[in-house]
Structures are given as C-alpha cells and as structure tokens.
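Heads up, the next two complexes both have subunit A, just with different partners, subunit B and then subunit C.
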Partner chain A sequence: MSRRGCGLIGLVVLILFIVGMAGGAIGRGMGIDLLPQVLGVPSLEIESFFSGEPVFLTDGPFPITNTYIASWVTIIVATLFCFAATRKMKIIPGRLQGLVEMAMEMLINFIESVAGHKNGRRFLPMIATIFIFVMFNAYLALLPVYGPGIHVTLHDKIQAEETGTVVELMVHPIVEEKDEVIALIETADGTREKVKAPNTGEIEYSVEVDGYVEAGAPVAVMVGTTENITAPVSGTVVKLELQRRIEESEQPIAKIDTGAGEPVIVNSPKDKLGELEYDVEVGQAVSADDEVAVLTSAPPFLRSASTDINMTLAMALLAVLFIELMGLTGRGFKHYISEYINVGELFRGLKLFFTGKIVDGLMASVTGVINVIIGGLEFISHMTRMVSFAFRLFGNMTAGEILVLSATFLIPWIMAMPFYGLELLIGFIQALIFGGLTLVFASIAVGHGSEEH
Partner chain B sequence: MNEEMIKFLAVGLTGSIGLLGPALGLGLIGYATVTALGRNPEARGAILTNMILVAALTEAVGIYALIVSIILAMVA
Partner chain C sequence: MEKWVYAFRFIGIGWYIALCIGGGILGGIWLDRHFETSIIFTLAGVFLGLVVAALGTYRMIEPLIKEEDDNTPGGKH
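And then the complex of A and B:
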C-alpha cells in the first residue's frame, strides 16, 4: 500500500515539476513559452521595501498600508482563536482548549526557566504577547492571500529595445467625464481650487506638482488640439489627479526613431496593468536598455506585518521600554541609574586627591573615569538593542518573503516548498528570539542587584 | 570601470564580505555547543537555550549586512 502511495506522490511531484519548469522563468529562458507569465518578482522600490504600500487614504495624514491591515487581521485571528478556546471551559479540556493550555504551559515554563519563579509571572503578559504576535504574523503571512505573492510586479521598468531618439510618448491621462477634476491649486490664502476639464478626451499636463501657475495660464492641453485648460486662480499646483493608465496588455507606449526605417514602438509588458510614469521626454536620445517608463500596478491588499520596519521598530521600542521599566521598578530608581552614570568612584577619587592622599586619589580618579566611560557604553548598548531588535525581525521576514518569491518565480509550485518549510522554521525561531531576548535582558536588569546584595 | 560595474561590485562585495563574519561566528557557536554537550549531556536544556540565544544575536549582524547590500542595490 505505502509503496503505491509513494509512487503516486512521486508521479504528481514529477508532473508538477515539469509543468512548473515550463511555465516559470527557467523554462522561459530555455525557450519554452507555453504558459502566460503571470508571476514576476517585484522590483521593490525603496519606499515599499521598508514599509508597506498605502491602500486606503493614500494622501491623507495617515495612509493605511497593507501591512497595517495585516497586523489587524493577526490581532483579530489571535483573539478569536483564544476566545473560541475559552468558551465552555471544562476540567478535562476538549481539543482546542487543550491546545491553548499546552501552549500557555510551554510559554510559562520557558519564561520561568530563564527568569526565575517570582519574576516569571510578572514578565508573562509582555513576553507571551510578543511571542504570539510575531509567530502569528509570520505564519499568517504564508497564506496565498498575502501579497506580493499573487500579484503581478509592483514596479516594472520598461526598457527601450533599440538606440534612438524618442519621437512620441503615446500614453496620456484620459478624462472620462465632463467636468472631471484634473488638478488642485492652492492659493496664497490656503484655499484649494479645483481645475475641471470641459471635455472628455486625452490631456497632457503643462505644469508639475509644486509648480507655480498664474491665473489664466494653461494647466493642461487637450491632445491633438490647441485647446488649453487654464487655471482659474494663481497659486501652487498641489496635485495632479489623473495618472496615465495602462489598460491593456502590450499597449504601445512610445515611439523611438532609430534613424533606419520606421520608428520602433515600445510596448507595455504582457498581462500587466497599472499606472505609468515616463522617465524620458520627447526628443531625448536613448540607448538600448535605457529605462523608458515605470509601470506601477496596484499594491496587494495584505502584506506580512513584520515586513514593515515601522512595525518592528514599534515592537522593539516597547520591548526596550519594558526592559528599562522592569529594571527601574525592580531595583529602585537611584540604584539603576547609578549603573549608567557611575560617578561614585570618580567623586571618591577626587575627594581623596584634594584632601591630601595624592596617589590614592589619583588611582581612584582613574578608575572612576573608566567607570564613567563603561557606564556610558552600557547605556549606548542598551539603546542599540532597539536597532538590533527591529532589524533582526525585519531582515529575517523580508528576506524570507523575497526568497519565497524568487523561488516561485524560477520554478513555480515545486521549488517554493522547501523555502516554505524554511519560512515556517524561521517564523517560530524569530518569535522565540524576540521574546527570549527581551526576557533575558529584563531578567538581567532585574537580577543584577539581587545577585550583588 | 564604469559606474554600473562599480555599483554591482559594491553590492556583491558588501554581501559576501559582510556575511563571512556571522557565518564563521555561527560555526564557532555550533562547535562550542557540541563540545559542551559532549562533556555534559545532562545540561542539555541550558546549553541549547543559550546556543539559540547567541546564535540569534550573531545572525542579526548578518542580516544587517544583507540590508545594507539591498539598500545599495536599490538606491544606487
């Protein structure tokens, strides 16, 4: 029985491997062009590498990013999980309650093994929260719904294929309704005026964001005519509302005159839609492989919360705050501060120096100065823990995400499996590390005094 | 030696040289752990806990190097 099952699984894996290789990047490199290439590795720009991409309220004071939404999903899932486990609690627990009880017991054992029995209970809420939050974040991010896995590339650079001069840029912002707002102008007294388009059609902007425009000066031109859309008031242009959009696969974008024959047309990539931004102007000379435009597709709705440096920085800040607070309350304010600003020895040395015992005074002063410097270094090392916590979690999660994406891009379905396993392991270990390190530092902060006295 | 060549060299060298140190460090941690386990198999719990802790601290330095090379690849 098991041999037949093994053979079947082996066959399925082999078929998936062949199909995956044909459809992925390796197959495409070898010349097999069977399946449409829907998956590409996103070339992340630097703004979306460190934080998520805004999905709602993009221009307001607080854009809601996809990582923010994902962190709320994590909170809701974790809360519902524990809520469901504590309904109708029995002395002999059912399966869900048993699972949660086992998890809690492992956590409290771990915490007490490091921090001791008395402090263990005090640290449990914070450490367990950090652990559960980081672990749920890492594990929920493996679901297919979390981008940028199932979405097409976020930023796609469109390159010119031949050397030449740009003759025409063919994609224009389109006005779809009459009186649609095409720009916002802010006047000197702070009011914002809308600029409306009188007709439908394609327009071409004559101003840029943050540029100054006089009343009556053209804001945009209707393409193909000399009809100007003028500004009603003078002021600075705050926002241009219409973007150039690519609505079809392989839409022509620009014409390049190579000097030999017909102008060459550069097309948008296959099966990719989104907003377009040009990097060249009419009349500019480009060589082959120069960037002509950048295509930005819609960002995914959800993205792993730990891939956002803001999230990990906030957690690191809270962890360091927790450690310092535990130290302050555990050992008394004065005693704790004297660890860092350790001037006792220095003052003693100076006093000895000035009251006559020169050699003793000198030696004690020197040790005193060294103590002060060491205290300062200790303080700095405590503060750099914030940076190390934040970057450790962020780096592991983002590197894992990029790894899974690259593996899926090369050979879909098969090659991503070992990396998924790696992601599972890394998620658990990083949660353990973050919580465990906070625990260790907190127990050191509380424990020093009781060890010495 | 044009600009793009130097940029790629920088990215590659940052990554490789930066990751040498943590790799060596992790190997040393493994060596110490296995030695300690061999001498005193009963202290397994404490040894392994400390090993994971120090390994994570060392690995973080490797992640810093990775982040630097990714930033270089994007910004330059």
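And then the complex of A and C:
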C-alpha cells in the first residue's frame, strides 16, 4: 500500500478516535454530549451472568436459551465449513482445502507429539472436536449478530401516569343475546354505566373505581337483581407508556417486571412502527409518579455458547469422562482402579503382621496407608479437573466479552478493535488449552509418560 | 515426553489447591454446625485441606523434581 493510502487510513482512524473519545462515556464524563447514547450510562445492570437466557419455549419444561442456539449455530457453521472445504478435493489443494489440511496436519502433529502415534490416532477425534468447537464458538461470538456475552441492560424505572385504579371484573352470567344489557355498574362517585353483552358467552369487563378496593368488596350491582358484583382480586391496572422507538415489527423489545408475578416480554406490534403503549397490572394501588415497573431490554437472540457455565461444565464432564475412559481401556480395569483404591500393600503388611513378622508387617502397613492416602489424593485431583476445565473456559470467554463491551462503551468504534484482536488470540489459546489439557491428561491416564516408569 | 507437557498439568493447580482448602473449610463448618462444636472441626478442615493440597501439589510436581535430581535432560528416566 502506498504511503498516501496508509496516511489516509491513519487520518480516518484518528478522526474516529477523537469523535469516539468525545462522544463515548469518557467524553460524556467530561461534559461533551456529541453522540446519541448508544449504551445507556446511568445504571447498567447484569441480567444474567452465569448462563444464557431462554428465548424460545420460555414457559415449557425445556426452555431454549440463546447460548444453546449459539452452540447449534457453531456446529452447523463448522460442519458447513468442513463440507465446503472438502467438497471438491484436489491433489493440489485450493485455498480453503489447503487451510483445512494445514490446520488438520498441525493438530495431528501436536497430538502425536504428546501421545505418540498409536494413542494419538485414538485421541484425535475427541481432541480435534473439542479444539474446533471451542475455537469456532469463540470466533463466531465476535460477529455482530451475536449479543454481548453478558446480558447487561439499562434499568428504566417506569412511573404511573396518573392516580387512579382500574379493577378487572368478571361478569359471570351466561348471556343469550348480543347487546343485551347485563349489568349496571355504579361506582362510588355515583356515575352509572350500562354493560352490554358484546357477544354470547361469558364476558369480562374492566371498570374504573374511585380508589382502591379490597377483594370481595362490592363494586357494582347486577342489573335487574340486587346481586352485588364483587372485585375478584385486590389490584389495579395502570396504563404505562413505553417510550421506545421501534424499528422493526414483531421483535421482543422489552421485558416488564412489576414484581408481581412473572416478567412479561413485550413484542413490538405487527403493523406499527413508533412508540408503543402497554398496560401492566400492578399488585396494589399506586398514585401518580410512583414506580410501578422496571423496563429492561429483552435477552439477545444469540450469545456466545462458552459464556454459559452449563455449556462449559458439560464439555468438562465429557472431557473428564473421556480421560477416565481412556485410562480404563488403556490400562485395564484392575490397574486403573488400583490408582484410586490402592489397598494391596496394606493387606500384604497386615498379613505379614499377623503371621508373625511384626517389624516387616508394620513397615509394609505404613507404606500401605500412605498408598491409600495417595489414592485419595489422586481421586481429588482428577475431580478438581472438572471444575478447573469448566471455569477456565467460562471465565476467559466471559471476561473477553465484558472487555469488548466496556471498551465499546468507553470509546466507541476504535477502542474495541485491539480487543477484538486480543479475543481472536484468546479464542485460539483457550481452544488449545482445553484440547491440550484433555490430551495430556488422557495420555497420562493411558500410561504414556506417566510417573511410574 | 517433553517437559512442557508436565508443565501443562499445572494450569489447573490453583483450582486444586483452592478446592482442597475450600472443601476442607466447608466440610468443617458443616460438621461444626451438625455437632454444635464451634471452630474445632473447621480448624481441622483447614488443616486437612492444607495438607491434602500440599501433598497433591508435591505429587504433581514430583516428576519434574526427580528429573532435576537425576540431571537427565529429555524427560525420560
């Protein structure tokens, strides 16, 4: 590239940096308000740190979380990538095929250098799968379609617009005809309202009462009878205005949590762009300007799979299971189990002790007890691997996502770029560590290079 | 086997030590609550955790120490 081109790019970067610096959180802290707020400053709160959030089948027994979807995306992308690379194989490989071949060769060499030729070939499928999966997870998560690996949200407090309460009433009679007057509602201030049947069947009707009513309090009279209609629940409905601009239809735009019951996810209406009003029921009567709900952003559709502790724990379980299975098949059951429960020496010592050779027996017994303790140590160290596997990957990936998020927040555009580079490196290193550790532990478990020789 | 492969195992050593000591403490607290004896089991748990952590750590680095003593480069001995 010519010197002029480099200079031009440098100038653009410099301008972006200055604008980003002034317009981002740092600039706002210094009192410059240049850019519209991309991420709200006042109070970003963490919605979900350790795991992804359900985005599909949220009420079902098996909610589909965004991290779960992301892991499927990873599998599909990795499969398609390999399919594209090996679809038209040539002796002299093209670019994509060459890349995949080179990567595979490096992987094979790495694995065989640790585990030897025979074991290396046995370990290859598992180790390569772990490596590729972790790396694709990390790299795909950097794409803009993925939400941040930690769901932070601006907690907007919503206030009631006006004093007053609306109580939902159930009017129970089965009505026979449309437009039949079925109830007469008289509120405390004396106004009367006729309720007409909108349809045949049961109907519900909302009425505004003057003040707060308890459940069971009479609020209306049935027409033609003296039967009182009572409020079914103590409660109120408050009209809220959500002042969010909506750009697309049918998108989840907000989650409303009033503290009374499950949070509600609000979709933007099908046929309308612009601002949206939403009614929400609160548990008690409120006066104007009381806080009635908290508005948070809905969870992103995709979130890096490795930022879910369940995901990394599952992988850690699989890796540890693989290691133990390799140890079991590689060494034989008796040999393998004697590493944990090593009582042979103890029994030999006890036998010697009781057959009269007291000194020899004691010595052997002491060694036997030490062996048992060492077996316990071995067991503990094997089990802690699971935790360290799970938390290492989770911690690194989540920390990276938070790093990129905060960099974007502090100085938009420019600051995130070096951290994206760092994330590429970290993704590779974490894949190498997860795969490499599984490999090393497995090769130790099968006895190659174990301490005993 | 190459030396760095042994070194690879130490990546998880922090977790091992932390879990040993933490597990000892938690177990001790639980026992103290159960038998309503204050602090004794907790102290014993801390001690046990420390001992287990130290012994386990020693066992993990044992091959490297032996190698240093033998002065045989290359890892096989």
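The rule is short, and it goes like this: the second predicted complex is superposed on the first by the 293 of 453 C-alpha atoms of A that agree within 3 Å, B and C clash if a C-alpha of one lies under 4 Å from a C-alpha of the other, contacts with A are read in each partner's own complex, and residues count from 1 in each chain.
Note that in this section contacts are C-beta pairs under 8 Å (C-beta built on N, C-alpha and C of every residue); 3 or more make two chains touch, one makes a residue touch a chain.
For clarity, every value in this text was computed on a predicted model and none was experimentally measured.
Please work out whether A:V114 is in contact with subunit B alone, subunit C alone, both, or neither, and reply first, second, both or neither.
Both partners.
Does subunit B (first) or subunit C (second) touch A:C82, or do both, or does neither?
In the superposed model, A:C82 contacts neither subunit B nor subunit C.
One more residue to check, A:F49. First (subunit B), second (subunit C), both or neither?
first
Does subunit C touch more residues of subunit A than subunit B does, or is it the other way round?
C
Applying the document's definition of touch, where does A:I429 land relative to subunit B and subunit C: first, second, both, or neither?
Only subunit B; A:I429 stays clear of subunit C.
Using the touch definition from the top, say if A:I374 reaches subunit B (first), subunit C (second), both or neither.
second
Quick one: is A:A399 in contact with subunit B, with subunit C, with both, or with neither? Answer first, second, both or neither.
first
Between subunit B and subunit C, whom does A:R385 touch in the aligned arrangement: first, second, both, or neither?
In the superposed model, A:R385 contacts subunit C only, not subunit B.
Going by the contact definition given at the top, which residues of subunit A touch subunit B in one complex and subunit C in the other?
After superposing on chain A, subunit A residues 113-114, 388, 391-392, 433, 436-437, 440 contact both subunit B and subunit C.
Which of the residues in subunit B end up touching subunit A in this complex?
Residues of subunit B touching subunit A: 45, 49, 52-53, 56-57, 59-60, 63-64, 66-67, 70-71, 74-75.
So in the complex, the part of subunit A that touches subunit B is made up of which residues?
44-46, 49, 113-114, 388, 391-392, 394-396, 399, 429-430, 432-433, 436-437, 440
Please give the residue numbers of subunit A that touch subunit C in the complex, ascending.
Within the complex, subunit A contacts subunit C at residues 113-114, 373-374, 376-378, 380-381, 384-385, 387-389, 391-392, 433, 436-437, 440-441, 443-444, 448-449, 451, 453.
Once bound in the complex, which stretches of subunit C touch subunit A?
1-2, 5, 8-9, 11-12, 14-16, 19-20, 52, 55-56, 59-60, 62-63, 75, 77
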